[in-house]
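Chain IDs A, B, C, D and E follow the sequence of writing; residue 1 opens each chain.
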């Protein structure tokens, strides 16, 4: 296991949404931990619940329609789910900061960068019961912009978001996230909206910052390459469940879960010559009537009868490698009887 | 709640529905304008009382030549204009000439008989009119020709307009009141001339009045009820009954000279046939006219209004509802079961005319005639009625004789009146026309009367229109307002404010 | 003559001109682009967003009129055709759109969308139409039941297949695929790529494959052109391009892609700054603002000309002269 | 392999009859309609709107057979019973000519329905083609159409309507003409905007690239996609045009006697306030309830037809 | 920016030109004979001719049309047959009343509606929200003239709470004319009694006039707030620890105000249209009443005048709104 003490622990998180067509059971018992200075990548296909997880940590989900059914999110042993909005405000940005996918939509278009950054900085100060003058806040903002390599921050700070290019905007968002000097940085697909050349710049920047400030990072992406470029550990999510949680090396060398394997075989590799892509048949299940048992079973080549009835638990198959699949003994819930163990399909 | 007293002055509020956009006596007259003109100006003669009579005013006495062609007037000596100028024969001459030259407003009354050359200043206080042709009703016209101060008027002349532009809102008069506050579309305030040349008979006379525009009949009623107005005109018949019973309010309710008739197109369409016209006259429910006015009206019994000089009662011949007869006439006309549609045109927004239309629909429906109600704005209606071809089958007309002489009404049936609003029937009876022409140049009234008797009978027989009713002139007063004398020779809503006084 | 030949093709857009106002400049989306595609080949075009890939595709299909240049398709110059002829020729050349969702009319069931070209060109209807659409659905791996659904009732990958089915309806010879997989998840993308490949073999199609995803291009294409600010800066046979990129931009692009493997290569060429706006294209070599291998003032003043490196490898750079 | 949660279809044998075939083909359509109904039924306000509008149509349809004194709406007068207070004989009292207010209010639905339908149809008839033309053809055609539209939009509709009526003369036909003339620009704007944005959608391009002609694009691709906003606007406008026509009736330039138009009734009833309050009260309530119904319905339609809000429910 | 304003003004002129043409064409459809009307009921043909000449009705249509523009250049809008005044003078006299009424009620609407809209969005689906929604749908369905009558009936008649109509009490002398807006003038001259009187008189008509506007602004503002509150940058503001009140009151509201402004601009125009009804009921001496009376009288010059004036007003208001956009939304560029 992780040697560093964990500062964030998500345990069996279940989140449902009430929609007009029924209850969407989006997160279905998702668990992982994040240690100090740890970098964890969360990958999965569109709509599998990555962003929901991130927002849940910060308490940003709109209350209707969201329903947090069960689970806990422990941050320094406090359960964030129990905190009041006021207490959460103190944690947000200050201790846990977030970077978002599309920097354009996540910056307020009608306020200047200066205004937005100063607000954030002074807000953090207020939560720490300090006051910062506008001027001081502005200076800090400029130095933050400098830290994220924005050229001429002193001139550009008064500009509005639309006057920046996509990459610049993402840098601004990162600067804002750094404003409170957080312990944890959650980056939700920070580069998806960017071109590869810009993406490379941003990834480099995040890498440098992490090295410099020793943040713990939760990086969300659907691109395994991106995660591989930044993270040490990786969690693979499928339809609201973490199906595999391990280190970067292990996931590429020895993927355990059939979904992970399928995923890896679906990605054409730039560095290699043509090889056959396999892909995974079928598509991501509906959340209103999710498949019973293992949610991956309708697409799984190794499915067994039990997969359709019982949900596998995420458990270690070796150190730092946890998988939720009945192909591995440890995933069997302790309650289920051995007779149910049926041989895998060929 | 009671009389408005400002700075110790008794200001009376008169609630009226019609604005007075132009108070130049040479340019404009309708009842609201005339009411203000009556206050601001004086004329040679004045109408008072009911039945109306002409009394001396600026003229102390006058004489006419036997052929009614030359008229001489002697003026009072102490009359003076608001600015202190004395009112002399020169001013009278100027005023008459001005109206005749401008050719607006009341000019039509004398345009045919008088030219500026015919006006002669005999001396400072004597003036003589020589008419182009004998015109017996001359003196009855004069109360509507006001005398203006030539100096004031001409001082404001612009581009040779004889001061028209200025006089719209200007005051060049000698009357008992003078202009104070003018807010067009809202109110006009006048104040009493303390040293009016004729003096004030009652020491409690009012010190001024506000002519306040209240456009809705119901608001008028509320205004008098709440005491926001001291006098109001034109309340709806229903409200009038309520108001009459209220404490602190009294009403005046007397028959006026305005007649309501439904003129039918005598020259074209179904109504060209006299039988149809008679059928309609017999089918009409005259009682409902009275009911519409809640009893505050009388039915006409002759083509001439009751109360007008020269009117005779034709009670036995006048049409009253008789469906039997109506059907007979329909048969005679060849339409025993009706089966056609007639247009009833009336003035947009005139409540009573609308109601008459509804009554017509109901009544004529019994003859199988459909009625289509067409409201038009006044100018459009007049425009339609001006030509035989476009003149509607039926058209609702209120007509008020402007001066007290039978010629006024008789002439409405003359060919020369075709195209005017009261001539929309295009009445065609050359005999009547001849009689009218002959009668107006005779000086002796008894002699003339013979003609008018004949004329009334002949018109009635031709049934050019549905002869309707004369409604009562209705005012409501707060009970401290005194001195009101009814005179039917005023148009509709106007009253003479000069004799009004306050007594608590 | 090759199957498709594009000569000096340019497309400029005048920026929106309002009533009573002057034009605010032109977007030079495609600038003097020339290339040739052989029958049965997969020709890839890569480039960052805004580099003019889609515009190029639309211009070739004559959905928009080029500003200048010539397009020969099967020896016919598309720029000189009258609209009726063009309409007929379009049967041979179809496009698959970037966003599978917006490429389908939300108010029409799938059978109507797929059947539309058949109704227009073959005047098919009734049973025949239904049968043909059903066949098409089978080709692209969809079921009969999908025919009567609305687009919003299908998943992204299915919608993309519907788009392909529509494009195939008229038996085209060439498909222009505008980022056919960029809206899809990797697992679905893999299915689609495999399917496209199989399809090409089966129907002898020529592909013009537009993408910004270099890995996909490498997987699918035979030859590749790299676009930057409306120009093709490098063109080569696929393996040659990926193994031996010559243009500094291509090299930076290739090294920017994070690889799905545990050990990332250490040598990364990072480009500075952003892609310039196509309204104000830098003078000289349009890449000089970001280039780390500038060789001198020539780069900022003189526009480079295409240099052929080998028979199949062209590059637009002063460095390689 | 189980697909999304969309219900599976029964496998049909080829022998299935025409009916099953038809049902299969339209299954999606019905599912869509069912969903719309479902969404609609979830919103009580929309349901109220539906009920009100339904009642309105029903009353307009059967009005003459349910009122106690149908002749009172066509010209009968009963002077002897004028201004009777509401009671068992006259539920809403009588008016100044002794006519039953209840009868007239009920039969007023027909007048209002006619007014609303004609105005909306005329406005759509002018506005939709112009809007599509402007949006689709673009260039100077667009400029010309939109500038003319701007002229009409430059002043509030009621004023322009008043000016037109001032010229044409009062009357219900003229006020319908006037209101139609001021109502169309809204549709031009709506449809033009929608067309412009649809034109950018790639399915239009896709249709072009498979060789669809102009007419086909307009009628089969653009128009059907404009219908939702048009329906929403039309149902809102239905109420608004009834309101506007009543306003004109109130000023006295709209419907003319003896037509039982609500606004005109209030205009006359105004003279009988406050003592004969029932005369003004009931027609006013009728307008209110009717317009409210259409507004609620329009709101409901917006919620279910507007793809954006629909998306919100669906996701 | 300057260029933009000039361009917009030019556009306004062009539109006005079209407007005049349209209204002029409409006006000549009228069958009536205005000259006869002006001459009075008993006038002779000769007198009618005099009037025809005076009103310029004897010239061919095209000449009348062209000379209208000539007159327009020198501020002459022709003459009203009904009031006998130059239309321009009438407008100068009546417009301030209308302007005072509309602006007052627009302010009333804005001041009430925006906080309400925000509250509804924040307390979505709670009681306040439902109440406000019911209020706003019914607000738009209420016939304005009927509401006016009913309020008159209750507030003015039954309880004698507010005056029935008019701009001032009868004996209240209007304040010294500075802006011609009684409320402003009386304040400027420190005339409290007149101010109170004017306020009492304006309350009822202004309330009636603002009712539909109130309803629709609440609606738009609520919808926009909801939309903005669901946008990503709100999430990010909160993720950066900015307090809820600040997020709503500042970050979201400024965004939501942008579409709301459009509605406010539109509503200003509708209110000007609504004055036709409200001024009629409350005897408010403004251009709405003037227009109605002119229309009923088939007096066309005033109608053209009012149409132009309201058109200018509406377009200038929209221009101002567009400029406010620029303040609210930095993305807007004026070119």
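The working rule: contacts are C-beta pairs under 8 Å (C-beta built on N, C-alpha and C of every residue); 3 or more make two chains touch, one makes a residue touch a chain.
Since the model is a prediction, treat every value here as computed from it, not as a measurement.
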| request: Would you kindly count the fewest steps from chain A to chain B, each step being a jump to a chain that touches the current one? | output: 2
| said: From the centre of chain C, which other chain's Cα mean sits the farthest off? | reply: B
| said: Taking the mean of the C-alpha atoms as each chain's centre, how many Å separate chain A from chain E? | reply: 54
| said: Taking the mean of the CA coordinates per chain, how far is chain B from chain D in Å? | reply: 49
| request: Please compute the C-alpha centroid of chain B, do the same for chain C, then give the distance between them in whole Å. | output: 88
| message | Quick check on chain E: which residues sit in contact with 2+ other chains? | response | 30-31, 157, 296, 298
| query | So which stretches of chain C touch two or more other chains? | reply | 19, 155
| remark: Residue numbers in chain D touching two or more further chains are 4, 147, 169-170, 252-253, 270, 273, 314
| field | Contacting residues of chain D [partner chain E, same complex] | value | 45, 147-148, 150-152, 154-160, 162-170, 239, 243, 246-247, 250-253, 263, 266, 270, 273-274, 277, 280-281, 283-284, 287-289, 291-292, 294-296, 299
| task | Within their complex, state which residues of chain A touch chain C. | result | 45-46, 165-168, 195-201, 203-204, 222-226, 228-229, 248-249, 251-253, 262-271, 273-274, 276-281, 283-284
| note | In the complex, the residues of chain E that touch chain B are 30-34, 36-37, 39-44, 46-47, 50-51, 81-85, 90, 93-94, 157, 160, 164-167, 170-171, 173-174, 283, 285, 289-290, 296-298
| message | Help me check something: in the complex, which residues belonging to chain B touch chain E? | response | 4, 6, 11, 13, 19, 21-22, 27-30, 102-105, 107-109, 111, 168, 181, 183-187, 210, 212-216, 219, 222-223, 226, 228, 348-349, 377-380, 382-384, 386, 402, 420-422
| field | chain B to chain D touching residues, read off their complex | value | 216-218, 236, 238-239, 242, 287-288, 291-292, 348-349, 351, 354-355, 357-359, 361-362, 365, 371, 373-377, 380
